[in-house]
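Okay, so subunit A shows up in both of these, paired with subunit B first and subunit C after.
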Partner chain A sequence: MSATARYMFAVARDLDVAQLSGARGFQGAALETVEHEGLAAVVCDVDLAEFGEEPLIRNLEDLDWVEHVARTHNDVVWRVAAVSTCAPLRLVTVCADDESVRDKVDSLRSGLEGVLDRIEGRQEWSVKVLVAPRSGGEPSPDTPATSGADYLRRKREASDRRRDLSVDAMRIAREVHDLAHAHAVASRRLAPQDPRLTGRPEAMVLNGAYLVEADARDAFEAAVHAAGEQHPAVTVEVEGPWPAYSFAVLE
Partner chain B sequence: MSDIDLHATATGLQPTGAGQVSLVDLLDRLLGTGVVLSGEVLISLAGVDLVEIRLNALLTSVRADMARHEGAAP
Partner chain C sequence: MSERTMAPARGGPPDRPVYGPAPSNLADVLERVLDKGIVIAGDIQVNLLDIELLTVKIRLLVVSVDKAAELGIDWWRTDPMLSSEAKDRELANENERLRARLRELESAPSENGQ
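Take a look at the complex of A and B:
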């Protein structure tokens, strides 16, 4: 039999363990909880041949492995968040045994209580603002430049248009963010995602995360959709609700 | 557009499916947050640096944990 360790998904408050019955973590391992002073760490056994230090160095370079782990982690966090207030842990938090899990909860405790207080009854929403590339337009190729000076002038004008567009897009991103923030209890602007990762040609100018009261979701969504309609030059996308990942940061 | 409801998961609906969270969105959140420690490695997707993860810190904590565990074993 190979050695195992405990993989921690999340720490939950008010978790009724019976509601996780039948749920699985990695490799079909049952989800279990490690109770510690009013909090419950949600864990499952993992094989050290996969999650030990040496294998992790290799596996974290393997995007398929990372995706599998991220999706499994996310599925478990969703399941736990549906029935409790829970602080998701960072990907790949591995402890030797239950005693180590309790030590981990202890070491995070002051931060955890604050996180759980902050996210209770709230959910995370994503709002993105995307702008189509070069919609300011290049000079029409149908009307060739009549001189070198004309060519340079046109080039400068096109550059000005792009800069104006980008300034406009930034301003709209700020407006949409402020509006979404006004309907949220907290917000964060994450780094915009690279078009090569999203697979879309548009440039992302806002990648915002918003912590919204569960009963304010309709107002939040309506406000963001309305902002999108006010600004046809950009695409405004709302996604959610998600577990409050971006607001469970422990530092 | 995603229309996942957290309550749906409690009634047995899978969160994955039509409204599946994109991997980029997921990694933004699963790797971009958490306990901040020193040391970093870049995971790249399609040659683009995706997110920083604190791999050294992660490994250090796993190593310390395992060492303590082995020390305590009979």
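Take a look at the complex of A and C:
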């Protein structure tokens, strides 16, 4: 039997370990907590043959492995967030043993408390604005250009059209963001996502994350939906509530 | 795998939030678990991991920029609000303009003198 280590999923406050009974981490390992002065690190055993330094370097190059680990990690965070105030940890935080887990929590204690204070009673929402790719494309000319000047004129017109649409999309993205932000206590604009990962051809012009008070969710959702209806040229998508990943960041 | 028991059944505290379903979109999951959340340096060499994670991220998230450029939708590259690359380029351009101006001014007296 190979050596094991402790994989940390999250640090939580007000977590009753009984509420995690039956929950599993990797390879069917039970979720456990390591308590330290009112904070609880949610952990499970992992095999060093898979999560040791060298195997990790290999495994992190394997998208299927990364996806499986990411989804398992995410599922555990979801489960913990449902029953506590929970600061998710970044993927693959692996410690030698409980003693080491306790040391890490202790050394970051005030930062962790600060994060938990910030996200308590609040959730993360995602708002995306997408534009169909054709709207930015060039209409294919049905007649060939009659001259060099004609060719250049067409190029310029296509580029102007594209710019107008881009400027519009950008303006809408900013409008939607400002509106969502007005109903949130904090917000972040994340990088647009790869169409191969989203499985959609549209270009993403807004990928926003918003930290919203639990009792402001209806107003937030209504405002974003209304913004979507005002701008039929784009698709506005809102998802949530999610655990506050994007706002659980140590300074 | 994704069975989640929602908050403490009936008897639990009523004020606990009920979360929506976990995103099925892999990009949403990855950008959060790889890029966000608390960073604690574990006992497994994290510097090394950062580099490896970075290659995964670049492959997954940055590729979209080239893809979009291919589609002719690359305007955010030049919008300083959206792109740090654009911000850098803006600075580089300004630098270049200032240098050119400086060269012009420095060469001016000798031209006048002739």
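Assume the second predicted complex is superposed on the first by the 234 of 251 C-alpha atoms of A that agree within 3 Å, B and C clash if a C-alpha of one lies under 4 Å from a C-alpha of the other, contacts with A are read in each partner's own complex, and residues count from 1 in each chain.
Methods note: contacts are C-beta pairs under 8 Å (C-beta built on N, C-alpha and C of every residue); 3 or more make two chains touch, one makes a residue touch a chain.
Being a predicted model, the structure only gives us computed values, none of them experimental.
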Side-by-side fit of subunit B and subunit C on subunit A, or clash: clash
Touched partner set for A:Thr72, first subunit B, second subunit C, both or neither: second
Touching partner for A:Val238 - first (subunit B), second (subunit C), both, neither: first
Which superposed partner A:Leu89 touches (first subunit B, second subunit C, both, neither): both
Touching partner for A:Val185 - first (subunit B), second (subunit C), both, neither: neither
Larger contact residue set on subunit A - subunit B or subunit C: C
Partner chain in contact with A:Gln193 - subunit B first, subunit C second, else both or neither: both
Partner chain in contact with A:Leu60 - subunit B first, subunit C second, else both or neither: both
First (subunit B), second (subunit C), both or neither touched by A:Ala29: neither
Partner chain in contact with A:Met170 - subunit B first, subunit C second, else both or neither: second
Residues of subunit A at both interfaces, subunit B in one complex, subunit C in the other: 5, 19, 52-53, 56-57, 60-61, 63, 66-67, 70-71, 73-75, 78-79, 81-83, 88-96, 100, 108, 123, 126, 190-191, 193-194, 196-198, 239-243, 245-246, 248-250
Subunit A-facing residues of subunit B, complex: 1-2, 4-10, 14-16, 19, 21-36, 41, 43, 45-48, 50, 53, 55, 58-59, 62-63, 65-66, 68-69
Subunit A contact footprint on subunit C (complex, rising order): 1-2, 4-8, 12, 15-20, 22-23, 25-45, 48-49, 52-53, 55-56, 60-61, 63-64, 67-68, 71-73, 75-76, 79, 81-82
Sites on subunit A touched by subunit B in the complex: 5, 19, 52-53, 56-57, 60-61, 63, 66-67, 70-71, 73-75, 78-79, 81-83, 88-97, 100, 108, 123-124, 126, 190-191, 193-194, 196-198, 207, 209, 237-243, 245-246, 248-251
Contacting residues of subunit A [partner subunit C, same complex]: 5, 8, 11, 19, 22-23, 51-53, 56-57, 60-61, 63, 66-67, 70-75, 78-79, 81-83, 87-96, 100, 104, 108, 112, 115, 121, 123, 126, 131, 133, 136-138, 162-163, 166-167, 170, 174, 189-199, 203-205, 214, 239-243, 245-246, 248-250
